[in-house]
Amino acid sequence: MIKQVREWAPALVVFALVIAVWEGSISAFHIQQFLLPRPSDIVKTFWTARHTLWPAGWYTFKEALGGFFIGSALGVVVATIIGRFKGVGTAILPIAIAANAVPIIAFAPIAGAWFGEVSPHSKSAIAAVLCFLPVMVNTLRGLQSANPRQIELMRSYAASELAIWRRVRVPTALPFLFTALKVASVLAMIGAIVGEYFGGAFNALGVLINSDAQIFDFVTAWAGILVASLLGLALYGAVAGTERLVVRWAPDTRDT
Amino acid sequence: MSVVKVDSVTKTFARGNVTALENIDLELEPGEFVSLIGPSGCGKSTLLRIIGDLTPPSSGTVTVNGKPARQARNDGDYGIVFQDSVLFDWRTVSKNIALPLEMLGWDRDRRKARVEEMLDLVELRGFADHHPWQLSGGMQQRVSIARALAFEPALLLMDEPFGALDEMTRERLNLELLSIWEKLGSTVVFVTHSISEAVFLSTRVVVMSPRPGRIAGIVPIDMPFPRTVETREDPRFFELVTKVRELLRKRGEHLLPEEAAELL
Amino acid sequence: MLRRVFTVAAAVLALIGFWELYRWIWTTTGWTWPFVVDDTSMPHVWTIFKAFGQPTQVNQPALITILFHKSLFTGKEALVGFAVGAVVGFAIGIALAHSRLLQRGFLPYIVASQTIPILAIAPMVVVWVNPKLPGPLQGWGAVAVIASYLTFFPVTINTLRGLRSADPRALELMRTYAASRWTVLWKLRVPASLPYVFAALKLAATASVVGAIIGELPSGLQDGLGGAIINFNQYYSFEPQELWATNVVAAALGILFFLAVVGAERIVVRRAPENVA
């Protein structure tokens, strides 16, 4: 218990300090509300505007979630298919890594044209595209990194390719998959919000933040950002939690 | 009828440029404990793998239990232990031991019973639900041995299984291995770097020389079983160790200076 | 090397083939899921290609010239953002590596900072930063700041990991030389961290381009690719190929930055990086 406290204490201290300094300097230096609102005001608005902000957050979160699942699932499927053919896998990997360098957000307006600018599907599409690559690349790497001795052992049991897949390659790939899912979870929410910049439903979080910023209501905009951030962290936490349950043996999740 | 028959086996790599093994002839009777010993590059691990059909010979044949090696592998006729324990991180000790049994399609109760037997055999009862990383190197190797023996194969192939362990653990595991071997009556092919280990464990020691890999000579070990801690202090033990050492030295004209020093 | 070029060419051809095939199947069958396929939603690859040579409006230069200049502008923002973000990230990484306390205090926030959608913050950053910048830097300077925000994170995290990855026995050796912390840092930890840092720089290269484009969107800057995207988005139903062409150029810019880092890695580390590309 003490160990846990010691782990988290410095972070909490920093948090408290930053908030205090932030709050303090706004009053002390009379910084305009316009540029940087007080944390207390942001939190207040977070609460008072909850009837608009929270449902909006949930709406956008659902878009992100949909994209997260679709993109990740596709990533796993493609990686599995490619992984069966060793040559294809090693050839594709560098291309996929380079493809990751493509700024997906340029694709956002096209997604809007395809699925309807206001429709949540276009935002899910963007989130899905953002999630696809990291999941695919990492799953593929994981499938390819099976210990050759373990495969030899399985061959000594005259195991079929399918059995080797099931009993060695898949478990080896799981830690890699979860690392990618953690990255994807953060990207999904961001993808949804960026997508909404190009148009979205009235009750979507990104649209709200944007319109608030445009009328210079930065307090509500920041409150909206707080909502987005919390939701992104929640999804990340859910994935990390699942990882602890499923992948108890990986070095990062061991209790020792 | 011999358990293993290696007939004129040759193995080359790199399109014939490297000859790992040349014309190896070897026959093993049931219940033998045979060690393969030799300097690096003599092909002992390769020979073991050929017997296990994990790599094909370039020419020659291998018969195991009267069948071709491939058939024997498909029928699950042998168990193998590597230097690296090669346990599955994501399985507990029990599930690791149960792996070959799952592959053979045994039902749950039978598997459970056998796993418990094996845990007793290697004295790891209390660690059934531990994960590999929670065990020491020696314990991991014991699990690896338990796994290899779980389905009671007639033939056990071991590739320097104790090589990564310290000498005291190694000597203790040698005794354990012998007692298991005597209990089960399997045939063992044991690859090692250590002369004293080879002499202590075996009924016969096969000395190999490198470049190209050949059998330099076979030393029958006529000491009685069961062998104990005292056996290592027996004068006959020293005689046999010297004999093996001399064979290695004589045929080891190609030894590197440090390898030669090691054997002196 | 030739093999790599061949695979890339093959991949591009495969992509084009897949595009046209998909298009052909969907237009022949008339399926409407996942979206309707016609000349607007999926123009022919050839149309997109041709569009590069054509002017967007009468008496204007060809699209490719326009996009080229816009990519230079965005590239400038991305480059500055990349440089600043990389240096800052590296410095923070070094600071955190030397103090467990600082690590525990700040790392959670550094991680959490990436969940803040920069697009939402961008307008505020622009309003905030612009007045503080010297004249010629205004406008695009704020976007460079946004780009650096996206860049610093992977560099920080990986620098930290890399610096801590030094072999403990090598560290002990340095202690026998009574080496100062500074010496240990530059002679041992930093060289050990290079593979990690370069892995991060590859991610950062992409992130800086993304950050630059995103930063341009709310700032109303017309001179960059972000501006082009907004512009062509408005005309999408009439000239879809222009937006697609912009996408191609943006992709090329991102990949260019990425390859530049790969090239730098080859020179600095002087052996082939294990992690492909």
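Per-chain numbering from 1; labels A, B and C assigned in written order.
Operating definition for what follows: contacts are C-beta pairs under 8 Å (C-beta built on N, C-alpha and C of every residue); 3 or more make two chains touch, one makes a residue touch a chain.
In this text, all values refer to a predicted model and were calculated from it rather than measured experimentally.
Of all chain pairs, the one joined by the greatest number of contacting C-beta pairs is A-C.
Ranked by separation of Cα centres from subunit C, the top chain is B. Located most centrally within the structure is A, per distance between chain CA means and the overall CA mean.
With each centre defined as the average position of its C-alpha atoms, the distance from subunit A to subunit B rounds to 49 Å.
With centres taken as mean Cα positions, subunit C sits 17 Å from subunit A.
Here the spacing of subunit B and subunit C, counted between their Cα centres, is 54 Å. Within subunit B, not a single residue touches two or more of the remaining chains. Within the complex formed with subunit B, the residues of subunit A that make contact are 147, 149-150, 152-159, 163, 167-168, 171, 174, 247-250, 254, 256. Interface residues of subunit B facing subunit A in the complex, by the touch rule stated above, are 52, 54, 73-76, 78-80, 82, 84, 86, 88-90, 99-100, 103-104, 131, 133-134.
By the touch rule above, subunit C contacts subunit A in their complex via residues 4, 7-8, 11, 34-35, 40-41, 101-102, 104-109, 112, 114-121, 123-124, 127-128, 202, 205-206, 209-210, 213-214, 217-218, 225, 229, 232-233, 236-237, 240, 243-244, 246-247, 250-251, 253-255, 257-259, 276-277. Touching subunit C in their complex are the following residues of subunit A: 7-11, 13-15, 35-36, 91-95, 97-98, 100-107, 109-110, 112-115, 121, 186, 189-190, 193-194, 197-198, 206, 209-210, 213-214, 218, 221, 224-225, 228-229, 232-233, 236.
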